[in-house]
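Letters A, B, C, D, E, F, G and H name the chains as they come in the text, with residue numbers starting at 1 for each one.
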Amino acid sequence: MSGISEHPWMTVVALLIGAVAFGFAPLAMAWLWARFFSPKKPGAIKNATYECGLESKGDAWIQFGASYYLYAIVFLVFDVEAVFLLPFAVAFTGLSAGASIAMLVFLLLLVEGLVWACQKGVLTWA
Amino acid sequence: MADDLKELKIELSKNGIFTTTLEELYNWGRKNSVWPLTFGLACCAIEMIATTMARYDLARFGAEVFRPSPRQADLIIVSGTVTKKMAPQVVRLYNQMPEPKYVIAMGACAISGGPFRDGYNVLKGIDRYIPVDVHIPGCPPRPEALIHAFMTLQKKIEEQALAGENRPRHLRADLPSEFEVPEFGEHGLEPPANPELFPALPGNPLKVLQ
Amino acid sequence: MTSVAEMKAIAGPSEIMEVSMGPHHPSTHGVFRMDVRLEGERVVRLKPVFGYLHRNHEKIAEHGAYLAAIPYTDRLDYLCSMTNNWGYVLAVEKLAGLQVPERAEYIRVIVAELTRFQNHAGLIGFLLQDMGASGTPLMYAFREREKILDLFESLSGARMMCNYMRFGGVRVDCSAEWLDEVRRLVATLPRFLGEFEALLRSNEILMARTQGVGVLPRELAINAGVTGPMLRASGVNYDIRKVDKYGIYDRFDFRVPLGEHGDVYDRYMMRLLEMAETVKILEQALRNIPAGPVMDPKAKLRGLRPKVGEAYGRIESPKGELGFFLISDGSTIPYRYRVRPPSMINLTVLEDMCLGQNIADVVITLGSVDIVLGEVDR
Amino acid sequence: MSVAVAPAFAADQIFVALKYWLVLHTPGPFQTLVSILLTIIPIIVVFPALFAVTTVLERKGLGRIQNRYGPNRVGPWGVFQPLADAVKSLTKEDIVPRSADHVVHYLAPLVLVATAFLAFAVLPIGRNMTAVNLDAGVLFFFAIGAATELAVFMAGWSSRNKYSLLGAMRAIAQMISYEIPLILSSVAVIMISGTLSTTRIVDEQAHYTGTVAHWNVFTPWGLAGFILFMIAATAETNRSPFDLPEGESEIIAGYFIEYSGFKFALFFLAEYLEMFAVSGLGITLFLGGWSSPFSFLAWIPSWIWFFGKLLALIVGFIWVRGTLPRLRMDQLMNFAWKFMLPMTLVVIVSAGVWRFLPAGVAGSAALGGVIRWLVCALVVAGPYIALARVLERGRKIEKRTYRYAE
Amino acid sequence: MNPLAGCLLVSSLLFSVGLAGALTRRSAILVLAGIELMLNAANLNFIAFWRFGPHPEFLTGFVFVIFSIAVAAAEAAVGLALIVAIYRHAQTSDVSEITEMKG
Amino acid sequence: MSDLLNAEEVKAQIEAGVPGSHVTVIPNGSPSGQHSLLLDNEHAFAVASFLRDHPALRLDYCSLVTGVDWLDTETTEKIRVKKVVDGVETEAEETRKTKVPGYLEAVYHLFSIEKKHGPVILRMRTANRTGQTQLPSLTPVWRSCEFQEREAFDLYGIVFVGHPDLRRILMWDGFADFPMRKDYHPPADGVPVAEVHA
Amino acid sequence: MLGEGIIQGLMETARNFFGSYVEKERLVTVQFPEERRSLPEATRQFPFLLYDGDDPERGLRCVSCQICEKECPPRCIHIEKSKDRKPDFVGKQQFYPAVFNIDVSVCMSCQICVEVCPFDAIRMDTEFELSTSDRFGGLLWTKRELARSNEYYRQIHPTEAGECDERRAKELADAQAKAAAAAAAAAAKAAQAAAAPAAASNGAPGSGAKSEPAKKVVTQ
Amino acid sequence: MRMTLPFLILAILTLAGGVAAMTLRRLVHCALALSVAFAGLAALYLNLDAEFAGLAQLLVYVGAIAILIVFAILLTRGGDSDAEKSFSPAGIGGAVIALAVFAVLAWATETSGIAHPALVTPPPESAMREIGLALMQRYVLPLEVIALMLTAAMIGAVILAVRERRNPAGTESAERPGLGA
């Protein structure tokens, strides 16, 4: 709803505040409810970690396999690529074929990396 | 005037529209949104599943949201034989559910050990360790019977008071919301029943099979 | 040089996560537990843990009369009470030397095959549920199952726990209307199969998830005593209906489908194909059922005292070889009563099928074994 | 013509006008505040309401697919079902596991919901109805979406539960894998529209050749892009068949396993909000946003078009959920990186070709259009077939025939 | 204070925080995080100079920031991978322990 | 049932194939006519492998494994039971053998999937019910014995020597009793009056 | 083609979705508390005790033979025999149960008690809406709660009840014939020898008691 | 100077995030605080009218680098590192050095003329398209170099991280037939 002079980011900030409030309000209400009516009753077992009805063995904060990390790396690279791609896309209508080919080269370089990773089996989930 | 209001209230509540008091709203909400725990033990569990299936469709009552995590469940349907080996897990699951929580003991086994009552590894009724709201006999109870039990539970919820002396357990801070988990002993569970819930009744011990 | 550190990295416990799936777990088909060791999401060890539904069936049966065990057999594999009944009465008939009248044999075949159909339908539904198909196939399967259960109810009085067969026959005769009902139902079953076929048979996701997963090699299957559709999915031609020709199975014309790869998909397809064969058997049985008595006049309900001795009777239950081993000491109570539970023994190979697989595959592999805990733990 | 348009336009702009009217009637110093409030409050009210409607719709729709009724007791046709659920959730005890990281545990659902709401800021839900008309709207959308991954991680990690952490890791791996195709498939649209502003992207699509609108989905790259976008969106929002992070059969309930009461409800809400948001973006990018597909339907108010399309997509989501089994993690990842990513790149190339090909050949504009269409379609289809070949190679996924023993 | 000076101040504060972290923390990951913070501080400078500098239309500072983000990403990927690799060898991500092992 | 193998023939084959083994045929008096072979524990493993691999027998499939508990025999009633398993058909002269201690027995039902015949029934007996309850495990020959032998261990207390993973299977680990034995009595968990009928 | 199977599946679900609005086959839900499916005749839930006539106490057919108690697999029947006797429908003097309890929380609905009962005294009920919060009070049924009239039996299991009634009518007829024969013989004997008033007075109450339910059986 | 208040808030947020990231005990907390700092910085960029840079910062730093750090933490089992050992013995020295650096920088800022420019330029208009054009025209070469670098970084990082994945711990390396393209 453009037209009224307001800084767009103010609306975003307001929305953020509103959204947090939206999430927070029921939590507060639930808290109040618990305070006045339905008391919280924590307990040793109740507040233990759920594990299929057994007592939890070992810590959940354990070390993970590397595959997650590998995906994250590839993701990071392509995320950065997207950062370059977007301004290119915006400017695309004003660009020459040469610039487009430059972008194509850019993409192909990354894709080459991806293909390499694929062939290495990096992107095979384990 | 007052009568009119009351009538309106009844009329509204017939349509499921919540009415004035907090208590009613509370009970209305609870009773119409009972999410059972995804939890089946034995044959009765199959009938429980059948109850959620097309023919009987427990979803009509808003209860098809079977939650696999006890944290999000309101109701544990003990559907089947609770063995001694399983009993601690059942109690732990119940304990891990947030209040208010309800228990339906579905089938003979859950109530009393049922046909397998004489077995050495069979718990003679889950009410020894957790408080049961509704018992539904049968082996297995028909799906309709489970729906009936469900409605009995709804009625029970409806009648609970929000304040006052006879308000239900979950509203009272002095009453526990978790119960002792029995331990595996050398010959059976220790203790064989939770004395708070299941006071040792006078009289004969189970006559042992010969 | 680096080998020590490397070995530490490899063998160190940090990479391995121990997860216990079950006993309360949405996909273990009851109270079954698997202690799984995971590396990432890959299974490196899997130990099944039983006993959460150990209801002492055998002990109880060794304390009651021969008759009293029948309702308990209903609760073994609680999806298939009819076939359980049959296995048990077959063993007792062997032990006591009873004959079964023709008509009763036909009725037995009809109810057993109906049982097989509903069991397989349910299994497929549950399997797809495990694959995350939010209920739809299961709903369709149960829709058909309900119809079969209706028939069982009007025949025996109960939906699931039929308690229908007796040594030397069946408890009550079926009416002509009942047979008509069955005929009507059997006529609609192919339609249901077609629906299932359309819903899922060529579904790419299903094929991708099941093909090549949970492979059970032929030799292992035989050595591990795997039976039923699971064995046949591994390509072994062994169907007790054909081998033993118990009852009157030699009179029916049906085929035994065989798999090739022994993976989850094959096991899934075995069930689908067997359902089609079941329909064939049903049609034949319904066509040929004779009139006559349904009980061996020699048989008596109470006070059965078989001669001293023992017998092993087995049938092809929907899950595999269901056997009953009885030792009689000449009294009215079996001295030893033992069930050979197909689903428990089929679980022997669970670890072999799951090693190196993704944890999600464990779930569907287990699903494809088709276990019922009442039978596994008894 | 104008006679017909005027009331239509009035209906179309009724909310805009209302806002102006209200703002103009507030005292000067508060005008900005009121204007902002009037912008955000509808978002905060409408979409949660839509969430409530969708849950009923979903449960009833699934019910119908499964030959049953679904919720129908709570209120007429069960429409009060979400209300009951809300009341129940509000009054439910809130359990925080002892070993959990309490602060992070508390914050996770809030962050998730907040970011989910923020995404609506840039969606044009009607003509002149974009809450925040950002120059880099699409980029804003994706940047905000990035925070959801952290929120999911917070939830899963702070619960200190194996399943939840596993679920969170899965969720993150899945979200990051599908975020790339999501972004890349929108790049194609941006290339043609030449802007990142969602409003302008819709404006670009909102005119007509003959009676048919210029929706991007009507071009070959747009169609392919839309399909890819929706697949990625399904995965991004963890909907079936990509609902692995909460795959019941393996990891019970995923990253929110330890959440109870209303916090859990917030996760649910956030999930649906994300679904709406990303569907909204799909509509904006490919389905012409609030515009009507045919000029003769333009009299229907723009916001109805938007919500209509949104509803259609939601129905699609529900339908798919009612049908398909879920994928496995490795298949999911393979699909993302080995199929989705290359295909989105192909779509980008196709969009590039689209631009460089003339819209009309000398003499016949229509012929040129057709040629351009075909060439672009070829640019998409060729690599698709090649890729499918490559992917199919080595894995034998097929219908099988079986032998029988007599 | 005028905006540019404010930016510069914030940037130098952030830089110092990052530096302090990088120098004091034992976890290699946090050392890397500290370095990232320092990089970000520098980026803030670029943006500030672009914004308040004489020729914002040339976008030099701006584009530099974009490139810098890309470089930082690459650095983070490699750096963290390195840490992971070292951890796999040494079972630690503690900087001092790592140095001890090498030394 | 598929072709019943003649127990005597199988016995002869075993004794020819596994030198030193000692096999007793135990006749079965019931109409089922399933006679069984009692193996000596030392050679049981070799016999099992022999049966599995013998080209004509090919008993590649072990269907059922179970334990049986035979109590120490003191009363006349029990003696009758005892006699059957010994296979002595005459009844009268056995009464003096009252002092025979009880034993635990493991029964194996073998079939052949390849030849489609069976069953051949094997039995093994422990020395007594208390101290010497060891039997050789046949799990290395047939994987299908794995869980069933574990079960016999769990419920009867038969210790299968050579079993790869002999733990309790149905009961929990700390459980002390062997519940399927005939002299086991379950604990009398207090049951309320209302439930007691028998 | 990739995606073909998925589309096929989607079509199938769509068919079911739309079908659910038009086709009975595709909307199988029975909305339970309001709609009910008629249960088949053979349905069984829990046992009840049959009585003839109007008095659930006196008319109980059970003669307390305790066969069912012995045969009930889970042993959920508990019977205590009466000290005295009363005549049954054919007039024989029988014990009756002083206590007859069934713990339905244990009963497995196996119907074995019905099968083994030689006196047609126990039958299976079809009632299933039995859920209760009262574990001990609500689920331990005594003689009183178990007693149902023959009419009720006819209602829920008409065929079975018909057969049963027929059988009993025949039995009664036989008994009456026998009694008549006996009476005739007795009369003949009495005519032959001196009258024995004690015997006559002994027989009178028995025949009086039996005639009432017998009439019922015959007329219905 | 109308931006002062938002600027101040964001600056404090960013700094607080940075400080928290550098001082908190639990590594995951550090990572979360770090993402707050990154987000704050992004907001600062936005505040400085560098819309694209801010959003790119959000996308890359919060969306990707933070995730990467979190994964790295979980991978090295740092999620629950114990409290005492989180600072290195050289801590005081490091802090002193950092303080000194800050002093120098602040002094430089204060004294140089830059800090007191006479004019404040109006925000530049419509940056997106300009950036695109600039990138594709003036900065093509750096762009390609960046691509090369990213590819190299990806390959390098993958090689580093994948090293010991070839032999997974103690299992049969059973290849699943028919799966994975």
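To be clear about the criterion, a contact is a pair of C-beta atoms (placed from the backbone, for glycine too) under 8 Å apart; a residue touches a chain by one contact, two chains touch by 3 or more.
Note that this is a predicted model, so its numbers are computed, not measured.
Between chain D and chain G, the least number of touch steps comes to 1. Comparing mean CA positions across the assembly, the chain most remote from chain H is G. Chain pair with the larger contact count among A-E and B-F is B-F, by C-beta pairs in contact. The mean-CA centres of chain D and chain H are about 28 angstrom from one another, to the nearest whole unit. Here the CA centre of chain A is 15 Å from the CA centre of chain H.
Centre to centre, using the average C-alpha position, chain B and chain G are separated by 32 Å. In terms of their C-alpha centroids, the spacing between chain C and chain D amounts to 44 Å.
Among the residues of chain D, those in touch with two or more other chains are 65-69, 89-95, 134, 139, 142, 157, 162-163, 169, 172, 176, 179, 194-196, 248, 252, 257-258, 261, 322-324, 329-331, 334, 338, 395-397. In chain F, the residues that reach two or more other chains under the touch definition are 170-172, 179, 192, 195-196, 198.
Among the residues of chain B, those in touch with two or more other chains are 26, 38, 53-55, 57, 60, 68-69, 71, 85, 89, 93, 96, 98-100, 112, 115-121, 139, 142, 170, 177, 209.
Those residues of chain D that touch chain B in the shared complex are 59, 63, 66-76, 78, 80-81, 83-95, 248, 252-253, 257-261, 264.
The residues of chain G lying in touch with chain D in their complex are 2, 6, 9-10, 12-14, 16-17, 20-21, 26-29, 31. By the touch rule above, chain A contacts chain B in their complex via residues 37-39, 41, 43-46, 48, 50, 52-55. Those residues of chain A that touch chain H in the shared complex are 9, 59, 61-70, 72-77, 79-84, 86-92, 94-95, 99, 102-103, 105-106, 109-110, 112-114, 116-117, 120, 122, 124-126. Note for the complex: chain A touches chain E at residues 66, 69, 73, 76-77, 79-80, 83-84.
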